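One chain, subunit A, appears in both complexes that follow, with subunit B as partner in the first and subunit C in the second.
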Partner chain A sequence: MTMKTGSGSQDDRHSFGSAAIARLLLDNITYVVFAAVTVFFMAVAPNFASFGTAEAILRVTALVSIMAVGMSFVIICAEIDLSVGSVASWSGMLVAMLLEAGVPVQVAPIIALLGGGGIGLLTGLLVTKLHIPSFLVTLGMLSVFSGLSLTVTTTMPVPIIDADFADVLWNGDLIGVPAPIWWTLITVLVGFYLLHYTVFGRRVFAVGGGVTAARFSGIKTDQTKIWAFVLSGMTASLAGMMLAARSSAGNPSLGQGLELDVIAAVIIGGTSLFGGYGSILGAVVGAVFIGTLGFGLLVMGLSSSIQEVIKGIIIIAAVALNRRR
Partner chain B sequence: MEMATRSDGSPECSRAALVSMQDISKSFGENRVLRGISFDVYPGEVHALLGGNGAGKSTLMKVLMGVYAADAGRIFLNGKDISGESVQEHLAQGIAMIFQELSLLPNLTVAQNLFLGREPRKPGWRIDSKRLNEEARALIEQYRFGLKAHDRVGTLGFAQRQMVEILKAISRGAKVLVMDEPTSSLSLREETQLFKIIEELQSRGLGIVYISHRMAEVFRLAQRISIIKDGQVIGPLDTTRTSMPEVASLMSTQEADVAETVRPASRTIDRSQPVLRVEGLRTKRKLDGLTFEIASGEVLGVCGLVGSGRSTLAKALFGLLDDVAGRFIIDGKPLKIGNPAASIAAGIGFVPEDRRLEGLVLSLGLSRNVTMAKLAARIGPSWLSNGWGESDFAQFRQKLNINCRRASQLVAELSGGNQQKVVFAKWLATRPRLLILDEPTNGVDVNAKAEMRAAIRAATAQGIAVLLISSELDELVMAADRVILMVDGHITRELSELGSEADLHTLLQVDIAAVRDAGQPQDSAI
Partner chain C sequence: MQIVASKISRTFGSTRALIDVSVELHGGEIHALVGENGAGKSTLLKILGGAERPDSGSMTIDGAPYRPASLNEAVAHGVGLVFQEITINPSLTVAENILVGQLNRFSRGGLLTEKALARRAQELLDSFSAKISVRQSLSSLDLGQWKCIEIARALSTRPEAVFFDESTAFLNHREVEVVLTAMRALRDRGLAVAFVSHHLAEVGAVADRLTILKDGRKVGDFEAGELDREQIQSLMVGRDMSKGIYPERADRVDGRTALTLTNVGAGAQLAPLSLTVQQGEIVGIAGLKGAGGERLLEIVAGVERASSGEIQIGDEAGAARSPSEGWAKGVAYLPGDRSGEGVIVSASVLDNLVMAQPPRHGPWFDRARASGLATEMVDALHIKTASIKAPSSSLSGGNLQKVVLGKCLAVKPRILLLNNPTRGVDVGARLEIYRSLRESAAQGLAIVVVSEDLNELIGLSDRILVMRAGIVTARIDDPSGATEDALIRYMT
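Let's turn to the complex of A and B:
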C-alpha cells in the first residue's frame, strides 16, 4: 500500500475497500446466507420477527446445537460420528427406565450421561485400536443402539412421571430463559473452552490437520480421538435426555435422523469434513441456521415434505459457497 | 530496475530455443515474486535453475506450466506464443513437470498409469488391455528403462516410480521436462541411473529444466545454470566457465556463511557420561543389534544409503515403532521403548525426514506448530490463552532467523528452509537432551543449510547431543564429530577421524560391497 501515490490513489483505495468487504463477505458466506434467509423470512412470513419466534427457534435448535458441539470435536479430528441420533434415543430410553426402576432423579441422568460417554469410548477404541474407519464403526453403532432402544421395551415408550426431571431439562426456566437454552449455553461454553483454550483442543486441531506430524510430535493421537468420541457420545446423551424430558417419555425413535442435521450444522459452520479446521461457534450458528430455516418454512405454511427439499438445497448451497479455496 | 548479466554468448544461440520465457513478472498482492525474468531452454540441453528457498523458482515453473498466468512477459514454445494458456494446453504443447510428490496411481499397473485417460479402445468403450500392455512394453523398451509393464506401481520403489512419471511425460509428447529435486529421495545407485536417463533424453533432443539444491549434480549434468535471487535472474552461466564457489556466492545473500560453517577443528568432548547409550537395538525387519553412545555436545553422524535402516533407527529411538528390542539409556536412566511421549519427557527431540507430512501440521499457524511438542509433553499450562506460544515463537524466529510475516501465518506458506526451521524450533522449545535429525537439510538451499548447521552447533554448545542422519556426505564431514556407517541394518564401522567427503564415500562403498559379498553365500546356504 505504500507505493500508491498520485491521482489514482482515491480510486485504488475505493476499489481496495470494496474488495476487502467482498472478501470479508465471502470468507463468512454462511453468515451472509443465514442473515439473508432470516431477513427473507422476516419480510415474507407473518409475525416472524418476534422474541417468541427467536425463543421457539432456539428451543428447537437446542438439541442439534448441543450434539453439534460434541460432533465438532470428532469432525475436526477428521473422523465422523453417525451414531449420535440413536445414542440420543438410547439415552432417553435408559434414563426413563432408570427413573421407572426407582433410581433417584439426581443419579439417573448422570448414569445415562456416562453411558453415552461409554459408547463414545467404545467407538473410539474400535476406530483407533482396530483401525476401522469411523464411518463404518459409527454406522454399526447407529444400527446397534437404535435396535437396542427398540428391543428393551419391545418398541413401547417408557413414560417419565418425575416432574423435576422434565422441568430441569426442558419445561422450566431460570431468570426468564428456558431450560433448553441454558443447557445449550452451558454445553457451548464448555465446548468452546475445551476446543479453543485447552491443551486438548490444540491436540484436536493437530490430529485433524496432520495425524502423522502430530504423532511424530509425541501427541497421543489415539487418545485424542477417543476423547473426541467420548464428548460426542456425552452430548448426544444429554440431547437424548432432553428429548425424553420434552415428551415426558423415553421413546425409542426420538433421535432418529438427528445425526444428519448435526453433521450439516457442523459443516455449515465452516468446519472441514477433512479435519483440521473448525469452531464451536460456527457449529452453533449452523444449528441455528437449520432451525431458522425449518421454522420459517413452517410459518410460511409449506408442507413438511417440501420443507425437507428446500432445507436440503439450501444446506448444499451454503456448504458449496463455504468451501475452502 | 534493470536486471543485468544475461549472457548473450550462449553456445546454442545458433539454434532456436525450445522454450523461451521473456521478461516474466508475477506478483501476489504486494509481494513481487518475479521481476522481469527471462529463461530459456534449448533442445538437448539441461538448464539448471538454482536459488534459495522462496526466491521464486517454483513460481517461475508454475508460470511455465500455466498454473499461474504471468502479470507481464511472454512464453514462446518453438517460437509460438503460448502465454496465458491453461495447464492442459501447456501439457498438450509439450511442457511437463516431474513433481517431487509423484502423481501416479499406486493401485494401477505401470502400463495403466502410462496411458491413463487415453487408453487404447475396443468397440463398445472397452479398454484394449492387450494393446495397452504392448504399447507400454514398446515404450519401456525404446527408452531402455528397467520397468515391467504389468507391475503395480504401489509395489515399486521411488526411483522406478520416477521413471514411470518421466516415461508418462515423454509418451504424451513432452519436449520440455521440468525436474524438481529429482534426486532428493534416491540412493546413490539410483541417482546414477537417473543421470543416464537424463543423458538419454538429452540425446533425443528434449530440453530439461533441472531444479536442485545439490551443487555437485548440477555441475555434472547441466550445460547452463541460472540463479534466481529476490525474484530476478542471474545468468545463464556456462557450466564450463564457472565454478561451485562462484555459483554458491552468487546465490548467497551473506557470503561469509558458507565458509564459516566448517566444523571447528578442536573440540573437547567429555565421553565419560554419555547422554544416550543404545545397547543391542534391533527391530523385526530392519535393524540388527546396534550399540553406540552419544556424549553431551557431540554430533554423531549416521552414514548409509536409503533403506540401510537409518530412518528406522531414528523412529525406533523416538518410540514410533512397536517391534523394538534393546536398551536405551538417557542420562543414566533407562527409557521406556515405543512411547513418543515418554521419549519427549526424557528429553528426545526428532526432526523427521518428511517435514510436510511428519514434521508439520500444515493447516496450523507457526506458533501452534512450534509449541506442538511442548503441548504433547505437557510443558506449560493446561489453560491456554490465544497468544500462548507466541513468545516462544518470537524467540526462535529471531534465533533461527525464520522468515515470515506473523506468528499466526500458516506454515504451509513458508519456503522449505523456513519450514524446517519451524520443525527445529518445535524441538528446541522442549529443551531437549538429544536431538535426532533425519535429513535436516533435504530440499533446502545453500544458505538455509548453513543456517541449519549453525543451529546444530548452537545446540551442541548448550550440551545437547545430536544424532545426524544425512545422505549428503559433505554435510556429515562438516558437521559430525564421529560417524557410524550403516549397511543393511548393521553398523559396519565407526569413524572418529573424518577425512574428506570422498574418503567417506569410498569407505561406504567398500562396506556395502563387503556386506553384499558376505550376504550372498549365506542366502544360498539357506
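Let's turn to the complex of A and C:
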C-alpha cells in the first residue's frame, strides 16, 4: 500500500499537464456532472437560465438540503435514518395541531422541533442500547410516524391560519432572500461547523470509520450516534414545519418519500454509505443537483413519470462515478 | 524436484520489489525466505507460486522452463500455494473445504458422493499426519488445524512443491506448532517446501536452508545453523544487531505504585489475581491465547468488567467501567487487532494520533494544537508518512502500529496496556517501539505488555507473569536469565 501511495504522490508533484487536470476533474466528479447537467438544461430549455429559476430551485431544494445536513451526521456514523420523511409529516401535523389548540406561535415550533429531536433520541437509544440495526429501527419509525400522522386526525389535514408562522418559515423574505433559503443557510452553516470544526464532528468521523477502534480510543460511541440521530430528527422536523408553512396546513402525507431524495443527496455529495467519509457542503450540492435535475426536466416538458426514470438513472450514474478509487 | 529461479526482477510502480534475485529449491528440503517488510520475500514466493509474474528473469522445474501465468498453471506444474489469510469457508464441511476445487469430480448427476469425498479428504489429511477427522465440525478445530485443512487442499492437486506465504501470521504458539509439524511431514515425503515468516524462531525450528532478502536484493543463501538469530537479524536490517534489539533495563524503579490489582478475576477466564505495577516498570505477561493476559488488559482498560476483586489506579480506587473512563483515568490501551481495534484506517494520521483526547477550545477542535501534537509524535516515534494529513491506509503495518502507540503516548498516560505491540512489525520498527517504550517508562510510565513473542517479553520486561488457563503459573522477577523454553513449560 505504501508503494502505491508513494508513487502516486510523486506523480502529483511531477505532472502539471492534462493528467493533473483529469485527476482534478475526477476527484470532483459530482461537480463536473452537476455543471454538465446545468449547461445542458440552459442550452436545451430556453427558459431555464434565469434568476427566477435559480430561486425556484433553491426553494425546492431547501427541504432536502436541510434534512441532508442531519442525515450526513447519521450516514457518516455508518448508520441510516429512513424515518425522516414521516418525521417531517408528523412534525407538520404536530405544529398545526398545537397552533390550532391555541399554543402561541413562538412556542409551538420549538415543541415540534424538540419532538423531532426526541424521536431521534429514541431511535438512537434503540440502535445503540438494544443493538438493533438502524435500518430496521428507522424503517419501523417510518411506519409508526406515517401511521400516527394519518391517525391523529383520521387522515384530515389541519389548516394553519397563523400568517406569521407561514411568513417566517416559508412565504416571507429578508433583504430580498426568501425565508426557506435563509433557513437552509443557517442549518448548513451550523451543520458545517459542527461536523468539520468541533470535537463532536471528529468523533462522528471516528465512529463511522471504525466503531471498535473509536470505542477503544475512549470515544463514547453510543452517545455520538445518539446525537447524530437527534440532529437528523431535528432537521427533519424543521423541514416538516416548512412544508406545513408552504401549504398553510399540516398534511399527514407531506413528507412521504422525501427520505430517498435526502439519502441520494448525501451520497451524491461524496459521503460514504459505509461511514467515515463525507461533507456537509457535498450533501447540499447533492440536494441542489437533484433539485436542478427535477426542475430542468419539468421545464423541458417531460411527464413526471419519465422524470422519475431519468432522475434515477442520473443519480446512479453520479454515485457510480463518485465511488472512492 | 528442483525449482531454479534466476535473476528475477519485479517492479510495482516506482518501487523495485525484487532486483535480480536467484534462488534454488530442492525436494526434501524446507527453504525459508526471510527479510523485513518490503524486502521482497512475499513477492518472490508469489512469483514462484504463479500468483505474480516477474518483469524479467527465468524459472525452470527440473530443467524444463516454468513460466506460470496463473495459480492454476502453477498447480499443473506441481506447485501449490498456501496463503497468509484464512480461506476456509465455515459453512462447508472439512471434506468440502479440502476438495472445493474438484467437487465436480465427486458428483454423480449433480449430487455429491459424500463417501468418496470424505475418503479422499481423509487420505489427504492422513498423508501428513494432521490428526484431523473429516467428521469433525470446523467450529471444533483451531486456526492451526484450519491451516492444515488448507494444506490438505494444496495437496489435493498432488503437488511436488508447496509454498507457505506467512501462513502462521494469525496463529498462536500451539497452532503454529501444528503447521510446522505438517511442513516437516511434507519435507519427509520428498516435497520441496518454501515459506515466508516473520518469526525467526520458526525459521530456526524447521528450515534446512534460508535465503535472506533486503530491499529487493538477495543478501545470501545459508545452511541451517550457519547463522545465529542475531546474525540473521543483522543481515536483514543491514546493521549490527549483536548487542540485541532490546534497550537496557532501568536500574531500579522509583517505587511509587501506578496500578494495584487485588484478587481481580473474571469467571472461568481469569482466576483471582493480585498484582502491583510500579511507575517506570514494564511488566510482561506470557501465555497462550485465552490464558487470561488479554482479558486482564481488557478489564484494566475498561473494555470488560471484572467479576470480582479491586482495582486501584494510582491512589484512586475503582475500575474503569468503559474505555472512555479508562482513558480519563490515564489508562491508555493498545489493542491486539491493529486495523480493527487500534486505528481508523479511513482517518488521517493526525486524526488517529489525537483521537483519544482531541485538543480543544470549548467545543471547537483545535486544529493547530492537534497538528503540533501529531508532528511531535511522528518525530518522536519516527513514523514514516508522507504527511500528517495522509490517510492511515497509506502506512505500512509497522508504521500503523507506531501511530497506535503514538495515540496512547499523546495523552501522557499513567498506565500503558499493550496487547502484542509488535505483531507483524519488522525488526527496524520494533527497535524504535522498544526504545520509546523504555524511554516512556524512564519518565514514570507503568507498562503492562501481553505478547506471544516470548523473546520480546524476556528482552523488554522488568518482570514476567506466566499464565495458563486463567491462572498465574510463574512469576519471574529477573527475566534476563529466563529462556523461551522455560516460559513455554509454564504456559503449557
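Assume the second predicted complex is superposed on the first by the 309 of 325 C-alpha atoms of A that agree within 3 Å, B and C clash if a C-alpha of one lies under 4 Å from a C-alpha of the other, contacts with A are read in each partner's own complex, and residues count from 1 in each chain.
To be clear about the criterion, a contact is a pair of C-beta atoms (placed from the backbone, for glycine too) under 8 Å apart; a residue touches a chain by one contact, two chains touch by 3 or more.
Keep in mind the model is a prediction, meaning the values are calculated, not measured.
Asks: Of subunit B and subunit C, which one touches more of subunit A's residues?
Replies: Looking at subunit A, the partner in contact with more of its residues is C.
Asks: Between subunit B and subunit C, whom does A:Ala43 touch in the aligned arrangement: first, second, both, or neither?
Replies: The answer is neither, since A:Ala43 touches no partner chain.
Asks: Check whether A:Ala101 is in contact with subunit B, with subunit C, with both or with neither, and answer first, second, both or neither.
Replies: neither
Asks: Of the two partner chains, subunit B (first) and subunit C (second), which one does A:Leu130 touch, if any: first, second, both, or neither?
Replies: neither
Asks: Please write out, lowest number first, the residues of subunit A touched by both subunit B and subunit C across the two complexes.
Replies: 1, 197-199, 201-202, 205-206, 209-210, 212-220, 276-277
Asks: Okay, in this complex, where on subunit C does subunit A touch?
Replies: Subunit C residues touching subunit A: 12-15, 17, 38, 301, 303, 322-324, 326-328, 333, 335, 340-347, 351, 355-358, 360, 363-365, 384, 386, 390, 393-396, 399, 407.
Asks: Inside the complex, what are the residues of subunit B that reach subunit A?
Replies: 30, 318, 320, 340-341, 343-344, 350, 352, 357-364, 368, 371-373, 375-378, 380, 382-386, 426
Asks: Per the contact definition, I'd like the list of subunit A residues that touch subunit C in the complex.
Replies: 1-10, 197-202, 205-206, 209-210, 212-220, 272, 276-277
Asks: So in the complex, which bits of subunit A are touching subunit B?
Replies: Touching subunit B: residues 1, 196-199, 201-203, 205-206, 208-210, 212-220, 276-277 of subunit A.
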